[in-house]
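Each of the next two complexes has chain A plus one other chain: chain B in the first, chain C in the second.
On to the complex of A and B.
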């Protein structure tokens, strides 16, 4: 699984990273501020065979490509022969058809070196599709008329080895790809068979950019973790290895009116999931007082200790400052609330990220 | 990947059953409504030690009140281990947890195949995260434990076939049941935990009968409410006052962050109530 892959760091290194992240202000291994993202290179419309595509490359070398393909599909049930006995069924169906359905979007995630039926990959695609479908507004955009809809295939490919937990990268790339997605302009009217304009230049964007009314954007999912009393955004692999708790938070931003940049943007919380932090699988350190190499008595000689594994002794020992121990138990509700609150903060990281992504040339 | 070893049913060529509404019930304004208090969970039955061949096992049943033809939640969990890892696997200073959640083919309205689908894998990941926080993993280096849950009946009201798209809310109820039953089975297997962990669900619902106002209920049944705005499933350790797994889904404006916290708190309340059943059940086994 991608989040719990083996971290090759010694207990001493883990203790050092955790201690420096718990300082105030925290010192991160790569010198970023707690809310700073890794620098990234982004481009869109790189795949000519798709309706929309994007590529993002993070500074640590992880790189992802997303391609969006759309197909026209018949909406099942809409062609049903009208039957007076079941009049209410059709009525009920109509409201459902207005809204759009979750199976109109198909999302697949591929990560090199990981089997496609791996539960970590299933988890990643569940997080991403949950955010897309949470408010129902996205699938409603795919409706053509009462009988037809677009079926959207989102293929998310990580093309580098998973050096860090790829969730933020995949989410940002998906966001950009959806922003650049264009669907052919509809020429037919009403419920007749759809007929499209063959001029690609006239094709409107799925998410219109210069709208006079409210503009909504595809959701983004951020990874945020807590270490000590500090909250750190976009953790790298080493930082995630010492996380007390890690959360994936999905938000969507709606901008009211044409206003200036960032003005009137309001956020909506779509989903929150705890990520199983790899820190639980890290080996514990042994304090000098308990280490026989430094003059501590051997296990068998200490009365009442019996013959026990050295690792087990290390784990049961008192917590010593500077000696790494994997976190045990969960986290307080207050900590989780603080993490989510920090994401939803006005003028915070989400605004910064969205503004940066708006700056990407959509071709 | 096709499953070629078993005789499977037709691969998706059958039409899903559309049940006719009972016209008498419809005309008399019958609709399943919530009769419980908003802050009480459904009654549940929990028993440990049901599978003799496993090192630990438990069975959980949650009732579906009111309607006939409706099925509640029935879960069976077995724990195999702790046992030594195969020689080929690398050294691990901790116990390796692997959890499998599988719906029986007949557990839900939509037939499930024999291979685990993405939803089941996703639930398995959540369950693993919830349990890993509770288990004292460093007491068993170089060993592994398998937690296998089969969902015999998913929490679905079979009477309502119309709103088929809304079934994803039931996954939260299933997950909270999975956490509770797995915790009981772990205790039955004698695996050291910091505390018993239990799952709880709270939802923000909007009902036509309340003039469209929202309210928070715990342990929701989706078919009893007009619309579920948001829901949250927590796994909670009562004696340490800690959350090991949190899953929130829905659509909440950021101005109402208080509502989110309220949901989590109500989820904790639901989890505490489930935990009481769990502790009582374990007490019976010991005593």
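On to the complex of A and C.
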């Protein structure tokens, strides 16, 4: 399941899509505005056997289910710190154990018909777990006391065949599943062996909904691409096939205080990954002047390059308006900065998406 | 987790309050997923599975982790390839099953063989019907639930088939060692009963007595086998009624919503 799956579009079609995406304002094949997401159907708490679960269906029919399961695990090396007689005396190793460890979260992605050691699947799970673990704030939530912690297993299933690059879908579903995740209420104190309340109704959310001070949310990873001068969010498969650059940008939102909804939300960038867009592997178009069907055969022979393929010549030729040429080389730093800046924009797409996801009933 | 089997003989009620011949709640939906050729969702008690069918389509590159080949010999018939993904969160304790897991492979080839015999694969030479099954929650009768869900999804995909392949489990109230003569056969075991009691999974072709699949992984006294089988086959008939109702309800709904045209000869069909 690479991002570079084959798209059955001809060079002429690619050139057309790229041209219409480069217009100002861009015209997308499905009529969305550049910052508009695909409509989605979401539900949470669908599986009573998990600590948290969610399901999202995108309008193009792709569907994902995420289940979160938690287990209590002994923090290795922490027993040396703990001495029942002097439980609160020693501060040795305190700082090391205050933060979470990245192996407290295990994330697995399952995509039907794809081996689980496939490079694309490994990349997806790397992007998703990187976003979760980037700032250590998430795994710090899993700390019970100095000797024990929660181990969180996130199983991400793509139910439908992968019609478009599933990263945004999987990320949003994971976000929702984590929002609905609840862990049993701790009854024991200090560094004792943990003892939990067996009343599930009393179990607090991993991400408290209404915190008095600051509310933080699980991270989300968005797919952004650039075509010409335009920046397009949540590209569909056809759009990704003509992308100049595609980025997976992970952000986390923190709402300060109990101000009005969406008021004091501040966004923080966690990670950026470039996605290898399939556009780099697309065949180039042939301009009419170089096309033998339009009488260009003679021109090629005159130049003494008759033995070379017309496609090879076309690829090397100057960029001609309306003729598709796969993007080559790296992307400009300015474009990357613009993409990331657009994601982090105040009141931008991230705010919109987060508000929509908060609207989902968490039961 | 010992099951208190002695309690059964007192009130003739099982751990979850059912009688010997009662099924758990079966809830099914078809066409749950817009992008697939066929899809279904099935709950048998707390066992929940989802199925997505793609095809019949041109066979792609050999995919990893699928088991197929049944009916696919010689390319004169469609190949039915089945993938079972058991989600890590499906059981009480999280357990990850890899693609190469032996139990998974056996489930896949059983389902593939059963469906290939019932689907008219000869109508689709040189093609593949790929069925991917996701187990979201398990509480016994896993194979039966998978077969039922796959059947429903194939109906939704519009692949011609002889009849529904419906499955159900049956067990016996006493273990192999206990030699009591008045052991009752049980229908549709849950996980707890499956751990404790001898059980078998039987699938039949529709409401007939023709057995398509018979899997028994525990030791059973030969004298009790006949009773268990009879109860299982009887359960399959009940399951077929339920699945058939689901398909008809969906069809009726689609006709009344105008999603599909009313077929020829259906003018007299009562659409309430």
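One rule holds in what follows: the second predicted complex is superposed on the first by the 345 of 363 C-alpha atoms of A that agree within 3 Å, B and C clash if a C-alpha of one lies under 4 Å from a C-alpha of the other, contacts with A are read in each partner's own complex, and residues count from 1 in each chain.
One rule holds in what follows: contacts are C-beta pairs under 8 Å (C-beta built on N, C-alpha and C of every residue); 3 or more make two chains touch, one makes a residue touch a chain.
This one's a predicted model, so the numbers in the text were calculated from it and none came from an experiment.
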| item | value |
| --- | --- |
| Overlay on chain A: chain C relative to chain B, clash or fit | fit |
| Touched partner set for A:61, first chain B, second chain C, both or neither | second |
| Partner chain in contact with A:329 - chain B first, chain C second, else both or neither | first |
| Which superposed partner A:125 touches (first chain B, second chain C, both, neither) | first |
| Touched partner set for A:284, first chain B, second chain C, both or neither | first |
| Which of chain B and chain C A:160 touches, first, second, both or neither | second |
| Touched partner set for A:134, first chain B, second chain C, both or neither | first |
| If touched residues of chain A are counted for chain B and for chain C, the larger one | B |
| Touched partner set for A:274, first chain B, second chain C, both or neither | first |
| Chain B versus chain C as contact partner of A:115, first or second or both or neither | second |
| C-alpha centroid angle, chain C to chain B via chain A, nearest 10° | 120 |
| Minimal inter-chain CA distance - chain C and chain B, angstrom | 8 |
| Common ground on chain A, meaning residues reached by chain C in one complex and by chain B in the other | none |
| For the chain A and chain B complex, residues of the former touching the latter | 1, 6, 88-89, 92, 96, 101-102, 117, 119-120, 122-123, 125-126, 130, 134-135, 247, 251, 266-276, 280-284, 309, 311-312, 314-315, 326, 328-333, 336-337, 340-341, 344, 346 |
| Partner chain A, residues of chain C touching it in the complex | 33-36, 46, 48, 50, 52, 54, 63-66, 83, 85, 87-92, 94, 96, 98-99, 130, 132, 134, 136-137 |
| Contact footprint of chain A on chain B as seen in their complex | 1, 18, 21, 90, 92-94, 116, 118-119, 121-122, 124-126, 128-129, 132-134, 136-139, 141, 162-163, 165, 168, 194-195, 232, 235-237, 240-255, 257, 260-261, 264-265, 268 |
| Touching residues (chain side chain A, partner chain C) in the complex | 47-50, 53, 57, 60-63, 65, 67-69, 71, 108, 110, 112-116, 118, 153, 155, 157, 159-161, 163 |
